[in-house]
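What follows is chain A paired twice: with chain B in the first complex and chain C in the second.
After this line comes the complex of A and B, so read on.
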């Protein structure tokens, strides 16, 4: 035991030093406890108090995150390197707080969740927990933190999908999600245990990590890395780990779907960047390649773009179509990850930001239209453009942005990603990048076909059965309209962000 | 003293048994048991290799966290499976397929 005694003071010191930087997360933990207590006293229909406490806590945490982001000059390593706070992590944290706030209001405005027998209180109390997981995911730079934060999000997401199980379809979606997620996380844990076995450390930035890997046979490293990528890929839902996503998106309540398609996916990209960092840094220092990510990530990107965009053409259910389209977007974003230059990361973050706004707003409008007219399929949207003019016009704007048409923010995002990839291609002339670029260009055209089915049905076709449909507009509609405006503003003046 | 390769061999075997159970069983609870096998294979690896990491004890710590998280995941999954049973009177994931293309 005595050999450790000398170490204890330095360990404690590093923990003490880390705590001030951990303030946004400490606030979230406190909020989590408060929300549980509030939910006990105000159950069922009185859950609005629970929501109030939750939103207040998240807002305070967002405030501290912003302060931290402004004060940040160079990357900070906390708690012996298991957490790293840098500019990228700071942006992701602010973005996650925004997503969770919109998600909270989305739950509040969704009649199906509000009318549920149990009330939405338990769903609100998951919010600080999931935000804590997302924040940790953005910052984690140790294998333990990566596993812990991914599991944290997964468990909360299973609960969210299964929460209002009022139909066989929804319980089915929850079961598929939980089983698929469980298998993926077990595979990832095995990969992590192999990485630990090869290197003897859990900290990615520790020099022993890369040195240990470079001494191992390449095949062994490849197996371990691919096993870890399986776990990250489950969160990102790229091909071939995408099977759960259309089913879960269709089965889950709309607010939950909107959250699943944004929050965990963005966090997955944050963690993927962090996981790839040491490998690229090691290569840049003139060492031999330990594991060549280029072909693996490019193949994933190409197949995701093809499967996502082509499968979306045949979908009639709006949620399923958006699910496949989000797989396609993941493929496009993988291209930015493959580029991995400073411009590539910048383009990735800009696009993720826009993607989060677009998806949130699209799902809010889909929910509003479903509430007003009962239409869940694209073929039921016939003639709805006349009754739901505001909703439909905004929806179409968002879809145009998802396609990447000017003058919307989605177009700027695509331009940034394409320029970063072309720059990288002209300096390395790698075949993989060329293939990615070609596939991305073709699938962008393909995506026009399925996105434009919605305005085609809504505005150009008519239907008789729309007498007793009235759009119900509330605060949620206006939030989504504001989000749509943001897309337009940032599409015309991208200089405000880039 | 048992050499490390024995631990790796056993953990590899456990992992494969778990994966086989996941892929072949037609009962959601059996699949959960398969997942548990895979998790324990990884935990065995972590603890065995923790021997070389005496100062930080990363592997041992990780094993503790992994055990707790595995329990949490199983608790949630069992609740979900119970829910599935009330609606479908059946927990065979291959026959429950209302959601599909």
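After this line comes the complex of A and C, so read on.
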């Protein structure tokens, strides 16, 4: 024990230096505690005070995140390199706060959760916790930290999915999610332990990490890397680790589904980028390739696009359809990851931002329409365009954006990804990129087919049983309308963002 | 803000106005739309009168475009690759100006035909005007990105216009149309981005979406995908040829060519009359215009290389369309197939790369714009009265609808190429071009021109046969006396439309110089560009 005693001061020093940069997260931890106390003693009607405290805390944390982002010039490594704050992590953190804020309001506006016997209080409790996990995920650059943050999100997500398990189907979804997640993180942990054994370090930015790997046989490295990718893939739900997502999306309450399809998925991409970084940097420094990600990631991307988009054609449940479509989007986003140039990352972040807005708004409208009319299947949407005009028109705009039609932001996102890929292709002439581009183009057309089943039913068909349906519009509807407007504005003037 | 921007965005503003007007004043929607379209006709007439075809020959030089408007629009800094620079870049030359006039007039006609639309007026007129904006934008845009945005923007309003106000199989027709066009245009987007990385702006040195820069081989970056010198290949085929083919297929779906035409009969038949008019009158021309503006101008070498195939596709479309028209029992379907046949002449004319051929192709597009609008309008007249348009169900209509029959005869004879009407000039020029091609540039063999003229003969067959079956002889109707009472002759509103269209077809047939003078210099400029390679 004594041999480490000399190092203790330097360890403490590093931790002390890191703390000021950790402020947004400290605020979240404090909020978490406050929310628990509030919910125990002064929950208010339908836990409204709990929500207030939670939102206030998240807003303060967001404020500090923004300050931090503006002051940031060089990447900062905190706590011995376990966490890294760079511009990408900064953007992700701001994005996550936004997603969680919308999510909180979504829970507030969802009658099913509000009227449930348990009340929404415990769900509000989880919000600062999940945001903390997401922020850590965006920043973590040590393998252990990656594992911990993924687990943190997973455990919170298990709770959310199973929060309202009224029917066996919902319990099944929650169970499936927990089991699948447990297995995936166990596999990932195994991969991490292999990597640690190969290199003797957990910190990705440590030179010893890559040097250690480059001395190992390629097959051993490949196994370890793929095992880690399994854990990340679970969060991203790419093919072949996508099986849980349609069932879970369908079984979970709508606000939770909206969150699952955005927050953890974006965080998964943040981690994936961080995990790939040292390999690409090592290669760029003229060393031999340690592990060739191109074929693996391209295959994942291609199969996700194909499986996601084609399977979505046969879905009738709106949530399942959006689940498969989000698998397809993951495939498209993998294309930007494969490119991994500065432009690729930029395109990825822009698309993720728009994707988060599109999915959040789509699920809000799906929830509002369900509340007003009871329709959960696309075939139940018949003729709803006449009664729910505002909701349906906005929904169609979002679906157009998801398809990638101009002049909406989804189109700009797609163009940026294509641009990055074609730029890379013109310098490398890699067949994988060409295949990705062609598959992306074809699946775009396929996606139109299933997205447009919604306007097809809502506007082109009519139905008799519509008398007692009235749209219930509240603040949530208008939030979603604003999000839709943002898609249009950023589609016409993307220069405002990038 | 130039005249072009006003022309493009006026309908959009009117559409927004309609969205704001409360439903209690729903009768005013069509008048708001009418006012917007009338102003649009006046503006385009002004543009036509002030257009100097000799000075503004356009095609590949910015200085030779009239009413140029160029404002930086999207500027994204992409680090190492410089800036993503997209301009709001409009301008017209002899190739695009005639289409602005055509669009305005056909839109006016379609709007008057919209008087029969009775349900969901707010949505209908708002979408109609959005479509109007998109179409005018396509014809004026000179930045490929902007062009693409307008091009795609057309799809959504059309989907709903066909899908919500169409016939029985409208759902199928609407999504089929949408999928076909999107399939072409997604791949077009990839080529556009590829071109973007291959071309730099000679002034700023940035990569650019400017179509005019893409036409000059000097602007291509050494070793880029579409550089002629680099000779890059995909799967063993030259990249430039692939680029040309992809763009060509995207536009050819719109034209349409056989075998990519199958969306057209469905869409035309299921669409309500005004939308059929717009589809046939304007949207098919976007395909032809795109081939001239983008395919041939940007990839002239590949265009010459594949001219023989283009000609062949043209001839097949002419003959296959005509034979299909001959076999149809539904009047609207017959006219839809006749469109396929007539648009084949456009392709044949373009493939010849001669002054006569391309002028003929341009003329054919304008002439077909007026004539097909007239034909679809005439079908709409019968259909709105008895909700039937099957040829065998009518006989001897001439006796009960004499004025209507007179207009049908004008439209049929004009369409089959009777001298004195615009279609005659157009088809004659296309065929002369195709015929001369073998002695001028050796691109097309003579038999293609011969086959084209067989197409004219076939069109005479199906038009005259239909005329005989439906209009001559004793009056015998499927619906008996009930139909007889319903089938009243054309009313003043219909008469106005028909007179407008007839006079345009006639004036262009007698004085084709009204159109040729404006576009001749541009056509010659285009041929010079292609021959430069």
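The criterion applied here is as follows: the second predicted complex is superposed on the first by the 493 of 498 C-alpha atoms of A that agree within 3 Å, B and C clash if a C-alpha of one lies under 4 Å from a C-alpha of the other, contacts with A are read in each partner's own complex, and residues count from 1 in each chain.
The definition used in the following text is that a residue touches a chain if its C-beta (ideal position, glycine included) is under 8 Å from a C-beta of that chain, and two chains touch if they have at least 3 such contacts.
Being a predicted model, the structure only gives us computed values, none of them experimental.
In the superposed model, A:454 makes contact with neither chain B nor chain C. Contacts of A:155 after superposition: chain B is touched, whereas chain C is not reached. When the two structures are aligned on the shared chain, A:201 is found in touch with chain B, with no touch to chain C. In the superposition on chain A, contact is made by A:186 with chain B only, not with chain C. Look at A:423: by the touch rule set out above, it reaches chain C but stays clear of chain B.
Partner contacting the larger number of chain A residues, of chain B and chain C: B. Counting contacts as defined above, no chain A residue meets chain B in one complex and chain C in the other.
Residue ranges on chain B touching chain A, taken from their complex, read 8, 11, 15, 18-19, 22, 28, 31-32, 34-35, 38-39, 41-43, 45-46, 48-49, 52-56, 58-59, 61-62, 65-66, 69, 72-73, 76-77, 79-81, 83-84, 86-88, 91, 93, 96-101. Per the touch definition, chain A reaches chain B in the complex via residues 3-4, 7, 80, 143-144, 147-148, 151, 154-155, 158-159, 162, 165, 167-169, 171-176, 178-179, 182-183, 185-187, 189-190, 192-194, 196-197, 200-202, 246-247, 250-251, 311, 314-315, 320. Contact residues on chain C toward chain A in their complex (touch as defined above): 74-81, 84, 148-149, 152-153, 155-156, 159-160, 163-164, 170-171, 174-175, 178-179, 182-183, 186-187, 189-190, 193-194, 196-198, 224-225, 234. Within the complex formed with chain C, the chain A residues making contact are 341-343, 346, 400, 405-407, 411, 415-416, 418-419, 422-423, 425-426, 434, 437, 441-442, 444-445, 448-449, 452, 455-456, 459-461, 493-495, 498.
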